[in-house]
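Take a look at these structures.
First chain A sits with chain B, and in the next complex the same chain sits with chain C.
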Partner chain A sequence: MSLRTVEPRRYVVYVAFLLILAFFAATLHDDGFLSQTNLLNIVRQTTPVTVMAVAVVFVLSAGEIDLSLGSVVALSALVTAYVMQSQSAFLAVAAGLGVGLGVGVVNGLFVTLLRLPSFLVTLATMGLVAGLGRSITNLESVAVENQDFTNLFGSGNVGPIPGLAFWALGAVALGQLAFRHRRFGAHVVATGDDGVAARASGIRVDRVRFTVLLVSGLAAALAGILYTGRLQGASYTLGAQDLLTVIAAVVIGGTRLFGGEGSIIGALVGSLIMGTLANGLILLGLSSSQQLISQGALLLLAISLTLREPRGETP
Partner chain B sequence: MFALAAASGSLSCTSDKEATSPNVAIKASKTLGTTHGPTGQKATPTSALELTSGEAAEVRAGHHTAALAWHESSDFTTAVTAGARDEFKKLGIQVVAETSANFDAAKQKSDVETIEAKKPSVLLTLPVDRVVTASAYKDAARRGTKIVLLSEVPQGMEYGRDYVNLVTDDLFQMGKRAADALAAAVGDRGKVGYFFHDAHHYVTNERDRAFLETITVNHPTVEVGARVGIGDPNQAQDEANGVLVENPDLSGVYVTFSQPPGEGVLAALRANGNARTKIVSLDLDEPLALDMAKGGHTFALIADKPYDLGRAMAISAAYGLLGKKAPAFVVGPAMTVTKSNLVQGYRESLHRNPPASVMNALGK
Partner chain C sequence: MIPATTPVVRVERVRKEFRAVLAVDAVTLEVNPGEIVALVGDNGAGKSTVVKCIAGVHPPTAGRILLDGQPVHFANPLDARSHGIEVVFQDLALAKAQPVYMNMFLGRELVKGPLRLLDRASMAAETKRLLAELDVRIDSPQQTIRDLSGGQRQGVAIARAMHWARRLVLMDEPTAALGVGETARVEEQIRRMRDRGRAILLVSHSLDQVFRLADRICVLRRGRQVGSRRTSEATGDEIVAMITGLR
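Showing the complex of A and B:
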């Protein structure tokens, strides 16, 4: 692993991000791309994905996956908004986070106690949680008018900096600390690299797997709460399209899809790449179909550069 | 779903002469109501929107820009976009951005924020969700963008202050036409099913209400024997399966919109081996149109004219740029499409021919 971390291709994602920024800056300099408002918009728009991406680095590095992310976003958002109609914002946020905690515990227990693949367990909870989200408000959206809440969780600014930027930075800092500077991160990577060897070396593999799924659930719940603050309301459709965006951001950022290697900073950059592409392609004036085609082609190029395994390393 | 709802929404009836399906004439019954805006506004037909040559020249001289922020991508939005672009071209307004939110309210908020970086003079949009997209539109309105809304008004937005006007289909006429078509399909007698949209949604609620009122008052010999609320349009097939088991004698069904609930009901009828129940739904939709072309269950589809809606939105935007007061609530006409006018229906509604499968089934 140490050899891999110094390979130049690991840094391609950062170069790719700079190239994308440079391209849009050159082509869209008259169209507001480089305006402070637009750049901060990209940060605002990507924060929920960044928060989830940090957690997914742990999940993928441990050799697991969490498909229930998007559903947890919606249910957490709806529960938060719904509880806030009659209770304090503090209780509402606690209830929203409780959703993520609960789903994370269920996912973790099924994966570790029953030895079931996380793909299937979280596929099941994805449907279950999505159904709950649809049923609790009968598909109705719920508005949030508590300004203290919305300012803190998505709509507020600190000076010119959006509050969401601090949530993203906080998640990245916490993730980086746990992943690179604590034993837990090494255990996650070891578990994903070779679970049997990790167990033999004394790592409590099941505990690692349980924890990463728990963290994933909590991160998705926090993303749901941030969406609620940003949109000043919640809808059952929130997060529905986030799962693939999050996984793409994480994998582009250098985390191996099959475990054993991850990068928190890479995930942040991956998330910013996804957001910048979406933003820049709109500003280029492309039609919706052209945006999808361009986004797909550019992502293909990005993963070709960042994920291509050297010969002999293909799992 | 939203798309479907809006797509199916249609404009006022063009005449009382309705389409005919093979050997079955559809008689237009008495109109029992009118379409009102979400807050009770009186409807103005799209045909009433007009710019003088001087006004058009003034708009052209302004070198304005426009952006389009849609809720999804479909035949409907493609036709609305085409209508809007054609009208903008005449007015010298350049379209600088176009987005599709794929029904994701968070994406639509991001789309609108991004679009605003280009400082468009006008924004044409169909909000995905009246609650959670409202903040984005309010911000855009505060920055001076003239907003023309399609089919939905975000919560807290005020006509004249935050948006130019609301354009949609003549929803009552759509529901009424569906009732008249279903009555014709079942020979004005027997038992029919009523699959309505069981969610708070202005467009579908208005159309469903008009259908129910018309079928019960104007066609008293038709019994509405099964009332089924569709909360999740994707589950319509399951709902229909249950209803068909309980009510095997249904002569016809009304389905609130075509895709996916209309398709779901059609699939359920086929799965149950039912060969007699007729479907009337709202929106042009390939599987239902193909079924109709083959003489299957689908008797009629009520369609709107999204190309005309797009044109009306663009003209409304010009009103906003000129500071000319636009009618608060503008509606466009609807048409009843049956097998006999299927090709014409597609051309009038979507400005294109039916899909190749439908043309083949029609032998064209």
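Showing the complex of A and C:
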């Protein structure tokens, strides 16, 4: 391997993760940061972000973006909880996933058929979906009491390991398979790299763009369902901060914001970094506004280290 | 003068109108296996339109295109590709952040096993072999396109075309973006491709290049075919006169 493959942004994310762990372990060892309970809590809190981050690797690598993620989380959670009050858990989950599927199809159709930028399309659906979520429940939370559902989606454990960890691992494994080892992933990065060249090479770039937005909607819906299972209820505020967190996790993990390159494992580590930061800052006793400030500052630092294009290079 | 073999491609009285504009009128040409035919003419003479008709980008308004003697109608460029026609563009249709071997197989990746997993090792090995055959020198098939020089990139594009073109390679100004040394190298690669039996239709502005490479020269002027010459029997002055219409 040539020296060129050892670019800083390839490994800085892992070093950063270890540094953050070491920092919190040193400063918070009296507060139980390294206790098994707390570490498993980080995994629980991070899983919905990890699931979405895997999907967003495909979206960004294809040169698109999905701003509607956060509001799909809320709407899918509310629909799932609402349907479960009168119907079976199976139907409720199907309805929740249906929300993601529906929004994904709408996003995908507007982007491919009308050739609109996904930034604007998903900016519009973000507002639309958020409004729907607020209106169907009049801003009220909906409780979920179905034990089978909450055990499977978020509250259950397998031995000492939270069930959510398996959802995260499943999403990462599936994502890695499709992204690195199947044609689909190769077509996604080629589409984001140079859509004209990809089309000239016989890749159906519109199908790729449609599919990544569909997958993104479904992943956000699943994340909403996982929140509902863990918190045993849903509210319209779910997922409100997630868009920033997910995109930060993915980009810190080495995925190019403008397409052509991505890393599923990087996104996993990136989401663990974001989760660990949130957890550690809470344990440090920072107020929620102080947490936001620290996260923003750390994000700036992280992207300065990882995102800089080499000088004199035209992408 | 009539070749014994069936030409790989025969363009027969092809005409192409864009709304009211006549881009190409009654152009007839053919390319045989292992032959380089150059298409020359001034800007707007209709060279690129002819190439795009053969490549399936534009359907001809009138006339026929025959492959190995059989008339064909291409719905789109993919259709033309499935008939063994590849195009090498001036502006390099390569994905720049991807490795050379992925570009070689872009859209036609090799897979293995019941899960249809990407066979990166085979693609890299095959790429190495193809590039060696054309004497395209790069460090490794794992290099990304943006790490290569313009000449190396065009070498990759040519190797890709040679690999996939069962019948015909269309080249639209393949060296227009290259320096002198790189042009010489790419010309050598084009000759090697010809020596391996591919039929090549070359569009070029450089008459020097055309005389170095082509077996026959077909001249267009304002969308009309003004003549066709064997390179060995033609002179530069003659071709220039045909291109400009000045005697």
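In this section, the second predicted complex is superposed on the first by the 299 of 315 C-alpha atoms of A that agree within 3 Å, B and C clash if a C-alpha of one lies under 4 Å from a C-alpha of the other, contacts with A are read in each partner's own complex, and residues count from 1 in each chain.
The working rule: a residue touches a chain if its C-beta (ideal position, glycine included) is under 8 Å from a C-beta of that chain, and two chains touch if they have at least 3 such contacts.
Please read all numbers here as calculations on a predicted model, not as lab measurements.
K.L.:
Check whether A:A186 is in contact with chain B, with chain C, with both or with neither, and answer first, second, both or neither.
P.N.:
second
K.L.:
Of the partners chain B and chain C, which touch A:D194 in the superposed model: first, second, both, neither?
P.N.:
second
K.L.:
Is it chain B or chain C that touches the larger share of residues in chain A?
P.N.:
B
K.L.:
Just checking: does A:M84 make contact with chain B only, chain C only, both, or neither of them? Give me first, second, both or neither.
P.N.:
Neither partner.
K.L.:
After superposition on the shared chain, which partner residues are touched by A:V246: those of chain B (first), chain C (second), both, or neither?
P.N.:
neither
K.L.:
Does the superposition put A:L213 against chain B (first), chain C (second), both, or neither?
P.N.:
It touches nothing on chain B or chain C.
K.L.:
Classify the contacts of A:I65 with the two partner chains as first (chain B alone), second (chain C alone), both, or neither.
P.N.:
After superposition on chain A, A:I65 lies in contact with neither partner.
K.L.:
Per the contact definition in the header, classify A:I225: touching chain B only (first), chain C only (second), both, or neither.
P.N.:
Touch status of A:I225: no partner.
K.L.:
If we overlay the two complexes on their shared chain A, which of chain B and chain C does A:I203 touch? Say first, second, both or neither.
P.N.:
Second partner only, chain C.
K.L.:
Of all residues in chain A, which touch chain C in the complex?
P.N.:
1-2, 4-5, 177, 180-183, 185-187, 189-190, 193-194, 196-198, 200-203, 256, 260-261, 313, 315
K.L.:
Using the touch definition from the top, list the residues of chain B that touch chain A in their complex.
P.N.:
By the definition above, chain B touches chain A via 70, 73, 95-100, 102-107, 109-111, 113-119, 128-135, 155, 198-200, 231-232.
K.L.:
In the complex of these two chains, what residues of chain A are touching chain B?
P.N.:
Checking each residue of chain A against chain B gives 31-33, 35, 37-38, 41, 44-45, 48, 134, 138-143, 155, 227, 230-235, 237-241, 278-279, 282-283, 285-289, 291.
K.L.:
Spell out the part of chain C that touches chain A in their complex, as residue ranges.
P.N.:
Residue positions touching the partner: 77-78, 81, 87, 89, 92-98, 102, 106-109, 111, 115-118, 139-140, 142-143, 146-147.
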